[in-house]
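Take a look at these structures.
Two complexes are shown next, each including chain A; its partner changes from chain B in the first to chain C in the second.
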Partner chain A sequence: MKYLYLLRQAPYQSSLAREALDMVLATAAFDQHVQLLFINDGVFQLQKGQQADLLQQKNIEKTLQAFALYDINDVYCCSHSLQLRGLTTDNIDASAQVIDQAQCQALIQQADKVISL
Partner chain B sequence: MNLHIIHKSANTHQSAHNALHLIHQDDYIILIDDGIYNAISQTDISQAYLNTAKRCFLLNEHALARGIENTDKNFTHITMAEFVELSLIANNNISWY
Partner chain C sequence: MPNSQTDKKTLAIMVLSSPHASAHAQTALAYCQSVLDAGHQIYRIFFYHEAAYLGNTANCAPQDEINLSDRWQQLIQKYDIDSVVCIASGLKRGMLDTTEAKRYEKTTASLSPCTELSGLGQWIDAVNQTDQHIIFGN
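Right after this comes the complex of A and B.
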(Lines of atoms letter the chains of each structure in order from A and count residues from 1; the text may use other names and numbers.)
(Lines give C-alpha, C1' and ligand atoms only; values in the text may rest on other atoms or scores of the structure.)
Protein backbone atom coordinates (compact mmCIF):
# COMPACT_ATOMS: atom_id res chain seq x y z
CA MET A 1 0.00 0.00 0.00
CA LYS A 2 1.46 3.33 -1.09
CA TYR A 3 0.77 6.27 1.29
CA LEU A 4 1.31 9.81 -0.02
CA TYR A 5 1.41 12.52 2.62
CA LEU A 6 0.76 16.12 1.55
CA LEU A 7 2.66 18.14 4.18
CA ARG A 8 1.20 21.66 3.92
CA GLN A 9 1.88 23.36 7.26
CA ALA A 10 4.79 25.60 8.32
CA PRO A 11 6.66 24.33 11.41
CA TYR A 12 6.56 25.60 15.01
CA GLN A 13 3.67 28.06 15.19
CA SER A 14 1.22 25.19 15.39
CA SER A 15 1.81 21.55 16.22
CA LEU A 16 0.29 20.38 12.91
CA ALA A 17 3.64 19.95 11.14
CA ARG A 18 5.12 18.02 14.08
CA GLU A 19 2.05 15.77 14.41
CA ALA A 20 2.02 15.10 10.67
CA LEU A 21 5.64 13.91 10.81
CA ASP A 22 4.85 11.68 13.81
CA MET A 23 2.10 10.08 11.70
CA VAL A 24 4.51 9.68 8.78
CA LEU A 25 7.10 7.91 10.95
CA ALA A 26 4.43 5.67 12.46
CA THR A 27 3.25 4.65 9.00
CA ALA A 28 6.80 3.90 7.93
CA ALA A 29 7.44 1.95 11.13
CA PHE A 30 4.68 -0.42 9.99
CA ASP A 31 6.70 -1.08 6.80
CA GLN A 32 4.30 0.80 4.54
CA HIS A 33 5.63 2.49 1.39
CA VAL A 34 5.55 6.17 2.39
CA GLN A 35 5.92 9.11 -0.01
CA LEU A 36 6.08 12.73 1.10
CA LEU A 37 5.20 15.87 -0.80
CA PHE A 38 6.14 19.09 0.96
CA ILE A 39 3.89 21.78 -0.52
CA ASN A 40 2.49 25.27 0.26
CA ASP A 41 3.93 26.47 3.60
CA GLY A 42 5.08 22.90 4.23
CA VAL A 43 8.22 23.66 2.22
CA PHE A 44 9.39 25.73 5.20
CA GLN A 45 9.84 22.46 7.08
CA LEU A 46 12.76 21.77 4.68
CA GLN A 47 14.49 25.06 5.49
CA LYS A 48 18.13 24.53 6.48
CA GLY A 49 19.59 25.91 9.73
CA GLN A 50 16.53 25.69 12.00
CA GLN A 51 17.19 26.38 15.70
CA ALA A 52 14.02 25.10 17.34
CA ASP A 53 15.62 24.96 20.78
CA LEU A 54 15.12 28.74 20.92
CA LEU A 55 11.39 27.95 21.05
CA GLN A 56 11.84 24.92 23.35
CA GLN A 57 10.50 22.76 20.53
CA LYS A 58 11.73 19.58 18.84
CA ASN A 59 13.72 20.39 15.69
CA ILE A 60 11.78 19.43 12.52
CA GLU A 61 14.99 19.51 10.48
CA LYS A 62 16.48 16.72 12.62
CA THR A 63 13.38 14.57 11.98
CA LEU A 64 13.93 14.89 8.23
CA GLN A 65 17.42 13.44 8.70
CA ALA A 66 15.87 10.38 10.34
CA PHE A 67 13.82 9.52 7.25
CA ALA A 68 16.55 7.23 5.83
CA LEU A 69 16.45 5.14 9.03
CA TYR A 70 12.73 4.59 8.40
CA ASP A 71 13.29 3.70 4.71
CA ILE A 72 11.52 6.87 3.61
CA ASN A 73 13.29 7.68 0.37
CA ASP A 74 10.51 9.28 -1.70
CA VAL A 75 10.69 12.87 -0.46
CA TYR A 76 9.41 15.52 -2.86
CA CYS A 77 9.00 19.28 -2.77
CA CYS A 78 6.77 21.50 -4.94
CA SER A 79 8.77 23.91 -7.12
CA HIS A 80 5.80 26.33 -7.40
CA SER A 81 5.53 26.57 -3.60
CA LEU A 82 9.28 27.24 -3.31
CA GLN A 83 9.20 29.93 -5.97
CA LEU A 84 6.19 31.72 -4.40
CA ARG A 85 8.09 31.86 -1.11
CA GLY A 86 11.41 33.06 -2.53
CA LEU A 87 13.18 29.80 -1.72
CA THR A 88 15.65 27.89 -3.89
CA THR A 89 17.25 24.47 -3.62
CA ASP A 90 20.11 26.17 -1.76
CA ASN A 91 17.75 26.93 1.14
CA ILE A 92 16.28 23.49 1.61
CA ASP A 93 17.28 20.03 2.72
CA ALA A 94 19.09 18.35 -0.16
CA SER A 95 17.22 15.04 0.26
CA ALA A 96 14.01 16.56 -1.11
CA GLN A 97 13.54 16.19 -4.85
CA VAL A 98 12.00 19.33 -6.39
CA ILE A 99 9.11 18.56 -8.78
CA ASP A 100 6.71 20.63 -10.89
CA GLN A 101 2.89 20.85 -10.91
CA ALA A 102 2.36 18.04 -13.42
CA GLN A 103 4.65 15.73 -11.42
CA CYS A 104 2.79 16.66 -8.21
CA GLN A 105 -0.53 15.71 -9.83
CA ALA A 106 0.96 12.46 -11.18
CA LEU A 107 2.19 11.63 -7.68
CA ILE A 108 -1.36 11.94 -6.37
CA GLN A 109 -2.84 9.89 -9.19
CA GLN A 110 -0.50 6.91 -8.48
CA ALA A 111 -0.96 6.90 -4.68
CA ASP A 112 -3.18 4.29 -2.98
CA LYS A 113 -3.91 6.62 -0.07
CA VAL A 114 -3.50 10.40 0.03
CA ILE A 115 -3.38 12.08 3.43
CA SER A 116 -3.48 15.89 3.41
CA LEU A 117 -2.15 17.45 6.61
CA MET B 1 -10.95 10.32 -9.83
CA ASN B 2 -10.01 12.07 -6.61
CA LEU B 3 -12.46 14.11 -4.56
CA HIS B 4 -11.04 17.37 -3.21
CA ILE B 5 -12.94 18.61 -0.14
CA ILE B 6 -12.67 22.37 0.35
CA HIS B 7 -13.53 23.46 3.91
CA LYS B 8 -12.55 27.14 4.01
CA SER B 9 -13.46 30.41 2.36
CA ALA B 10 -10.98 31.64 -0.23
CA ASN B 11 -11.38 35.14 1.22
CA THR B 12 -9.69 34.14 4.45
CA HIS B 13 -7.75 30.95 3.80
CA GLN B 14 -5.03 30.21 1.30
CA SER B 15 -5.88 26.49 1.38
CA ALA B 16 -8.93 27.15 -0.85
CA HIS B 17 -6.55 28.52 -3.48
CA ASN B 18 -3.79 25.99 -2.85
CA ALA B 19 -6.11 23.15 -3.84
CA LEU B 20 -6.29 24.48 -7.41
CA HIS B 21 -2.63 23.64 -7.91
CA LEU B 22 -3.21 19.91 -7.37
CA ILE B 23 -6.69 19.39 -8.82
CA HIS B 24 -6.44 17.12 -11.86
CA GLN B 25 -8.74 17.62 -14.86
CA ASP B 26 -10.55 14.35 -14.02
CA ASP B 27 -11.03 15.23 -10.34
CA TYR B 28 -14.17 16.41 -8.56
CA ILE B 29 -14.40 19.04 -5.83
CA ILE B 30 -16.97 19.56 -3.12
CA LEU B 31 -17.41 22.69 -1.05
CA ILE B 32 -18.48 22.17 2.56
CA ASP B 33 -18.55 24.32 5.73
CA ASP B 34 -17.21 27.81 4.94
CA GLY B 35 -16.06 26.50 1.58
CA ILE B 36 -19.64 27.13 0.49
CA TYR B 37 -18.84 30.83 0.10
CA ASN B 38 -16.53 29.94 -2.78
CA ALA B 39 -19.54 28.87 -4.87
CA ILE B 40 -21.11 32.31 -4.95
CA SER B 41 -21.65 33.26 -8.58
CA GLN B 42 -19.45 35.81 -10.35
CA THR B 43 -16.54 35.29 -7.96
CA ASP B 44 -13.06 34.53 -9.25
CA ILE B 45 -12.69 31.47 -7.07
CA SER B 46 -15.96 29.88 -8.23
CA GLN B 47 -14.90 30.28 -11.86
CA ALA B 48 -11.40 28.96 -11.08
CA TYR B 49 -12.88 25.78 -9.60
CA LEU B 50 -15.29 25.34 -12.51
CA ASN B 51 -12.45 25.75 -15.01
CA THR B 52 -10.17 23.30 -13.19
CA ALA B 53 -12.22 20.37 -11.90
CA LYS B 54 -14.31 18.00 -13.99
CA ARG B 55 -17.36 18.39 -11.69
CA CYS B 56 -18.11 20.78 -8.82
CA PHE B 57 -20.48 20.08 -5.92
CA LEU B 58 -21.59 21.83 -2.79
CA LEU B 59 -23.20 20.49 0.35
CA ASN B 60 -26.81 21.71 0.31
CA GLU B 61 -27.33 21.64 4.10
CA HIS B 62 -24.28 23.83 4.65
CA ALA B 63 -25.41 26.37 2.04
CA LEU B 64 -28.92 26.55 3.50
CA ALA B 65 -27.52 26.91 7.02
CA ARG B 66 -25.60 29.96 5.85
CA GLY B 67 -28.51 31.39 3.87
CA ILE B 68 -26.42 31.25 0.70
CA GLU B 69 -28.66 31.00 -2.38
CA ASN B 70 -26.76 32.92 -5.05
CA THR B 71 -24.39 30.09 -5.91
CA ASP B 72 -23.21 29.50 -9.47
CA LYS B 73 -25.66 27.13 -11.21
CA ASN B 74 -22.78 24.93 -12.40
CA PHE B 75 -22.23 23.80 -8.80
CA THR B 76 -24.40 20.75 -8.18
CA HIS B 77 -26.20 20.82 -4.81
CA ILE B 78 -25.99 17.46 -3.03
CA THR B 79 -27.14 16.12 0.33
CA MET B 80 -24.93 14.66 3.07
CA ALA B 81 -25.96 11.13 2.01
CA GLU B 82 -24.93 11.86 -1.59
CA PHE B 83 -21.64 13.32 -0.31
CA VAL B 84 -20.97 10.02 1.44
CA GLU B 85 -21.72 8.15 -1.80
CA LEU B 86 -19.38 10.45 -3.71
CA SER B 87 -16.59 9.88 -1.20
CA LEU B 88 -16.96 6.12 -1.62
CA ILE B 89 -16.54 6.15 -5.40
CA ALA B 90 -13.54 8.50 -5.25
CA ASN B 91 -10.11 6.93 -5.46
CA ASN B 92 -8.92 9.29 -2.73
CA ASN B 93 -10.55 12.03 -0.65
CA ILE B 94 -8.19 14.97 -0.21
CA SER B 95 -9.10 17.57 2.45
CA TRP B 96 -8.10 21.20 2.16
CA TYR B 97 -8.74 22.74 5.58
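Right after this comes the complex of A and C.
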Protein backbone atom coordinates (compact mmCIF):
# COMPACT_ATOMS: atom_id res chain seq x y z
CA MET A 1 0.00 0.00 0.00
CA LYS A 2 1.12 3.51 -0.74
CA TYR A 3 0.60 5.72 2.30
CA LEU A 4 0.72 9.49 2.18
CA TYR A 5 0.94 11.32 5.49
CA LEU A 6 -0.16 14.94 5.61
CA LEU A 7 1.74 16.37 8.56
CA ARG A 8 0.01 19.55 9.70
CA GLN A 9 1.17 20.10 13.29
CA ALA A 10 3.70 22.64 14.55
CA PRO A 11 6.52 20.71 16.23
CA TYR A 12 6.20 21.62 19.92
CA GLN A 13 2.65 22.90 20.32
CA SER A 14 1.40 19.49 21.44
CA SER A 15 2.76 15.96 21.42
CA LEU A 16 0.77 15.17 18.27
CA ALA A 17 3.56 16.19 15.87
CA ARG A 18 5.84 13.64 17.51
CA GLU A 19 3.15 10.98 17.80
CA ALA A 20 2.32 11.48 14.11
CA LEU A 21 6.00 10.84 13.27
CA ASP A 22 5.90 7.69 15.44
CA MET A 23 3.01 6.54 13.27
CA VAL A 24 4.99 7.35 10.13
CA LEU A 25 7.96 5.28 11.29
CA ALA A 26 5.70 2.41 12.38
CA THR A 27 4.02 2.39 8.97
CA ALA A 28 7.40 2.14 7.25
CA ALA A 29 8.50 -0.56 9.71
CA PHE A 30 5.47 -2.60 8.60
CA ASP A 31 6.78 -2.54 5.03
CA GLN A 32 4.36 -0.04 3.57
CA HIS A 33 5.48 2.54 1.04
CA VAL A 34 5.43 5.87 2.90
CA GLN A 35 5.40 9.39 1.48
CA LEU A 36 5.26 12.55 3.57
CA LEU A 37 3.83 15.97 2.86
CA PHE A 38 4.55 18.70 5.39
CA ILE A 39 1.77 21.23 5.04
CA ASN A 40 0.17 24.10 6.99
CA ASP A 41 1.94 24.52 10.37
CA GLY A 42 3.64 21.17 9.74
CA VAL A 43 6.27 23.01 7.67
CA PHE A 44 7.69 24.36 10.96
CA GLN A 45 8.84 20.79 11.72
CA LEU A 46 11.32 21.09 8.86
CA GLN A 47 12.92 24.29 10.11
CA LYS A 48 16.68 24.15 10.53
CA GLY A 49 18.36 25.02 13.83
CA GLN A 50 15.60 24.03 16.24
CA GLN A 51 16.66 24.42 19.88
CA ALA A 52 14.20 22.02 21.44
CA ASP A 53 16.36 21.63 24.54
CA LEU A 54 15.34 25.14 25.59
CA LEU A 55 11.78 23.81 25.77
CA GLN A 56 12.94 20.62 27.48
CA GLN A 57 11.63 18.69 24.49
CA LYS A 58 13.17 16.10 22.21
CA ASN A 59 14.38 17.63 18.97
CA ILE A 60 12.09 16.69 16.12
CA GLU A 61 14.90 17.23 13.59
CA LYS A 62 16.53 14.02 14.85
CA THR A 63 13.45 12.04 13.89
CA LEU A 64 13.54 13.61 10.42
CA GLN A 65 17.08 12.33 10.04
CA ALA A 66 15.84 8.78 10.74
CA PHE A 67 13.61 8.75 7.66
CA ALA A 68 16.32 7.43 5.36
CA LEU A 69 16.96 4.50 7.73
CA TYR A 70 13.31 3.54 7.28
CA ASP A 71 13.48 3.89 3.48
CA ILE A 72 11.32 7.00 3.56
CA ASN A 73 12.75 9.04 0.74
CA ASP A 74 9.70 10.87 -0.61
CA VAL A 75 9.54 13.89 1.68
CA TYR A 76 7.69 16.91 0.36
CA CYS A 77 6.91 20.37 1.65
CA CYS A 78 4.11 22.65 0.45
CA SER A 79 5.55 25.89 -0.98
CA HIS A 80 2.34 27.83 -0.32
CA SER A 81 2.44 26.89 3.38
CA LEU A 82 6.08 28.03 3.56
CA GLN A 83 5.31 31.32 1.87
CA LEU A 84 2.38 32.10 4.20
CA ARG A 85 4.70 31.66 7.19
CA GLY A 86 7.55 33.78 5.83
CA LEU A 87 9.81 30.78 5.28
CA THR A 88 11.89 29.89 2.24
CA THR A 89 13.62 26.73 1.06
CA ASP A 90 16.79 28.06 2.75
CA ASN A 91 15.10 27.77 6.16
CA ILE A 92 14.14 24.12 5.89
CA ASP A 93 15.82 20.75 5.88
CA ALA A 94 17.38 20.01 2.50
CA SER A 95 15.94 16.49 2.38
CA ALA A 96 12.46 17.90 1.74
CA GLN A 97 11.41 18.64 -1.79
CA VAL A 98 9.37 21.83 -2.09
CA ILE A 99 6.32 21.44 -4.31
CA ASP A 100 3.44 23.71 -5.36
CA GLN A 101 -0.27 23.21 -4.72
CA ALA A 102 -0.96 21.41 -8.00
CA GLN A 103 1.81 18.95 -7.17
CA CYS A 104 0.34 18.51 -3.65
CA GLN A 105 -3.01 17.64 -5.23
CA ALA A 106 -1.38 15.13 -7.59
CA LEU A 107 0.46 13.56 -4.65
CA ILE A 108 -2.80 13.11 -2.71
CA GLN A 109 -4.55 11.62 -5.73
CA GLN A 110 -1.94 8.95 -6.38
CA ALA A 111 -1.85 7.60 -2.80
CA ASP A 112 -3.82 4.49 -1.75
CA LYS A 113 -4.20 5.73 1.82
CA VAL A 114 -4.02 9.35 2.97
CA ILE A 115 -3.58 10.00 6.68
CA SER A 116 -3.93 13.58 7.79
CA LEU A 117 -2.63 14.50 11.22
CA MET B 1 -12.32 -5.49 1.94
CA PRO B 2 -14.91 -3.97 -0.43
CA ASN B 3 -18.11 -5.96 -0.55
CA SER B 4 -19.64 -6.02 -4.04
CA GLN B 5 -22.93 -7.51 -2.76
CA THR B 6 -23.99 -4.40 -0.89
CA ASP B 7 -22.94 -0.81 -0.40
CA LYS B 8 -21.88 -1.59 3.17
CA LYS B 9 -18.37 -0.57 4.10
CA THR B 10 -15.77 -1.66 6.59
CA LEU B 11 -14.22 1.17 8.57
CA ALA B 12 -11.14 1.84 10.65
CA ILE B 13 -11.70 4.58 13.23
CA MET B 14 -8.99 6.57 14.97
CA VAL B 15 -9.78 8.93 17.84
CA LEU B 16 -7.18 11.48 18.99
CA SER B 17 -9.02 13.61 21.55
CA SER B 18 -9.46 13.30 25.28
CA PRO B 19 -13.01 13.18 26.68
CA HIS B 20 -13.15 16.75 27.97
CA ALA B 21 -10.83 18.99 25.95
CA SER B 22 -13.11 19.19 22.93
CA ALA B 23 -16.27 17.74 21.42
CA HIS B 24 -14.33 15.49 19.05
CA ALA B 25 -14.54 12.32 21.17
CA GLN B 26 -18.30 12.75 21.52
CA THR B 27 -18.71 13.44 17.79
CA ALA B 28 -16.71 10.31 17.01
CA LEU B 29 -18.91 8.25 19.33
CA ALA B 30 -22.08 9.53 17.66
CA TYR B 31 -20.55 8.79 14.27
CA CYS B 32 -19.69 5.21 15.24
CA GLN B 33 -23.23 4.63 16.52
CA SER B 34 -24.64 6.03 13.25
CA VAL B 35 -22.52 3.91 10.93
CA LEU B 36 -23.37 0.78 12.94
CA ASP B 37 -27.08 1.68 12.80
CA ALA B 38 -26.71 2.02 9.01
CA GLY B 39 -25.30 -1.51 8.83
CA HIS B 40 -21.66 -0.71 8.16
CA GLN B 41 -18.95 -2.58 9.96
CA ILE B 42 -16.26 -1.15 12.23
CA TYR B 43 -13.16 -3.28 11.86
CA ARG B 44 -11.29 -1.62 14.69
CA ILE B 45 -11.26 1.52 16.82
CA PHE B 46 -7.80 2.78 17.63
CA PHE B 47 -7.41 5.27 20.49
CA TYR B 48 -4.25 7.31 19.96
CA HIS B 49 -2.68 10.43 21.49
CA GLU B 50 -5.02 12.07 24.05
CA ALA B 51 -7.83 9.62 23.22
CA ALA B 52 -6.00 7.03 25.34
CA TYR B 53 -7.94 8.64 28.22
CA LEU B 54 -11.15 7.21 26.72
CA GLY B 55 -9.98 3.82 27.95
CA ASN B 56 -9.97 5.02 31.55
CA THR B 57 -12.26 3.22 33.99
CA ALA B 58 -11.42 5.40 36.98
CA ASN B 59 -13.10 8.66 36.00
CA CYS B 60 -16.30 9.61 37.80
CA ALA B 61 -18.54 12.10 36.05
CA PRO B 62 -21.03 14.24 37.99
CA GLN B 63 -24.53 12.74 37.82
CA ASP B 64 -25.86 15.34 35.39
CA GLU B 65 -23.00 14.92 32.91
CA ILE B 66 -22.29 12.05 30.58
CA ASN B 67 -19.28 9.86 31.23
CA LEU B 68 -17.74 9.64 27.78
CA SER B 69 -15.28 6.88 28.65
CA ASP B 70 -18.17 4.74 29.90
CA ARG B 71 -20.18 5.49 26.76
CA TRP B 72 -17.32 4.37 24.52
CA GLN B 73 -16.86 1.23 26.58
CA GLN B 74 -20.60 0.47 26.37
CA LEU B 75 -20.56 0.85 22.58
CA ILE B 76 -17.52 -1.40 22.24
CA GLN B 77 -19.13 -4.04 24.43
CA LYS B 78 -22.57 -3.88 22.87
CA TYR B 79 -21.31 -4.38 19.32
CA ASP B 80 -18.28 -6.47 20.28
CA ILE B 81 -15.93 -4.11 18.42
CA ASP B 82 -12.19 -4.71 18.32
CA SER B 83 -10.62 -1.72 20.04
CA VAL B 84 -7.09 -0.77 20.94
CA VAL B 85 -5.53 1.90 23.12
CA CYS B 86 -2.07 2.61 21.72
CA ILE B 87 0.35 1.24 24.29
CA ALA B 88 2.82 4.14 23.92
CA SER B 89 0.08 6.79 24.17
CA GLY B 90 -1.60 4.85 26.96
CA LEU B 91 1.38 4.20 29.22
CA LYS B 92 2.50 7.80 29.30
CA ARG B 93 -1.04 8.85 30.23
CA GLY B 94 -1.46 6.24 32.96
CA MET B 95 -3.68 3.80 31.09
CA LEU B 96 -2.46 0.49 32.46
CA ASP B 97 -3.87 -3.01 32.26
CA THR B 98 -3.04 -5.43 35.08
CA THR B 99 0.14 -6.66 33.33
CA GLU B 100 1.51 -3.16 32.80
CA ALA B 101 0.45 -2.01 36.29
CA LYS B 102 2.52 -4.86 37.70
CA ARG B 103 5.45 -4.20 35.35
CA TYR B 104 5.62 -0.51 36.32
CA GLU B 105 4.90 -1.24 39.99
CA LYS B 106 1.70 0.81 40.12
CA THR B 107 -0.95 0.02 42.70
CA THR B 108 -3.82 -0.40 40.29
CA ALA B 109 -4.83 -0.93 36.67
CA SER B 110 -6.85 1.87 35.07
CA LEU B 111 -7.67 0.53 31.62
CA SER B 112 -11.15 -0.73 30.83
CA PRO B 113 -11.25 -4.50 30.30
CA CYS B 114 -13.37 -3.77 27.15
CA THR B 115 -10.29 -2.60 25.30
CA GLU B 116 -6.65 -3.63 25.08
CA LEU B 117 -3.21 -2.05 24.92
CA SER B 118 -1.37 -2.73 21.70
CA GLY B 119 0.92 -1.14 19.14
CA LEU B 120 0.57 0.96 16.00
CA GLY B 121 0.73 -2.19 13.87
CA GLN B 122 -2.93 -2.71 14.82
CA TRP B 123 -3.79 0.63 13.26
CA ILE B 124 -1.84 -0.01 10.07
CA ASP B 125 -3.49 -3.42 9.76
CA ALA B 126 -6.88 -1.75 10.18
CA VAL B 127 -6.17 0.85 7.49
CA ASN B 128 -4.95 -1.84 5.10
CA GLN B 129 -7.93 -4.13 5.68
CA THR B 130 -10.78 -1.62 5.41
CA ASP B 131 -12.56 0.41 2.72
CA GLN B 132 -12.09 3.64 4.62
CA HIS B 133 -10.34 5.08 7.64
CA ILE B 134 -11.60 8.08 9.54
CA ILE B 135 -9.66 10.14 12.07
CA PHE B 136 -11.40 12.27 14.69
CA GLY B 137 -10.02 15.17 16.58
CA ASN B 138 -6.96 17.11 15.63
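Operating definition for what follows: the second predicted complex is superposed on the first by the 117 of 117 C-alpha atoms of A that agree within 3 Å, B and C clash if a C-alpha of one lies under 4 Å from a C-alpha of the other, contacts with A are read in each partner's own complex, and residues count from 1 in each chain.
In the analysis below, a residue touches a chain if its C-beta (ideal position, glycine included) is under 8 Å from a C-beta of that chain, and two chains touch if they have at least 3 such contacts.
Bear in mind that the values here come from a model prediction, so they are computed numbers and not experimental data.
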- Fit or clash - chain C, chain B, common chain A: fit
- Query: Does chain B (first) or chain C (second) touch A:40, or do both, or does neither?
  - Reply: first
- Message: Per the contact definition in the header, classify A:9: touching chain B only (first), chain C only (second), both, or neither.
- Response: second
- Is A:116 contacted by the first partner chain B, the second partner chain C, both or neither? both
- Should A:85 be classified as contacting the first partner (chain B), the second (chain C), both, or neither? neither
- Message: For A:101, using the defined touch cut-off, is the partner it touches chain B, chain C, both, or neither? Pick first, second, both or neither.
- Response: first
- Item | First (chain B), second (chain C), both or neither touched by A:30 | second
- Item | Superposed arrangement, angle subtended at the Cα centre of chain A by chain B and chain C, nearest 10 degrees | 60
- Query: Between chain B and chain C, what is the tightest CA to CA spacing in Å in the combined model?
  - Reply: 5
- chain A residues touched by both chain B and chain C? 8, 113, 116
- Please name which positions on chain A make contact with chain C in the complex. 1, 3, 8-9, 15-16, 19, 22-23, 26-27, 30, 32, 113, 115-117
- Complex contact set, residues of chain B against chain A: 2, 14-15, 18, 21-22, 24, 92-96
- Task: Within their complex, state which residues of chain C touch chain A.
- Result: 16, 48-49, 88-89, 119-121, 123-124, 127-128, 133, 135, 138
- Query: If you look only at chain A, which of its residues touch chain B in the complex?
  - Reply: 6, 8, 39-40, 78, 80, 101, 104-105, 108-109, 111, 113-114, 116
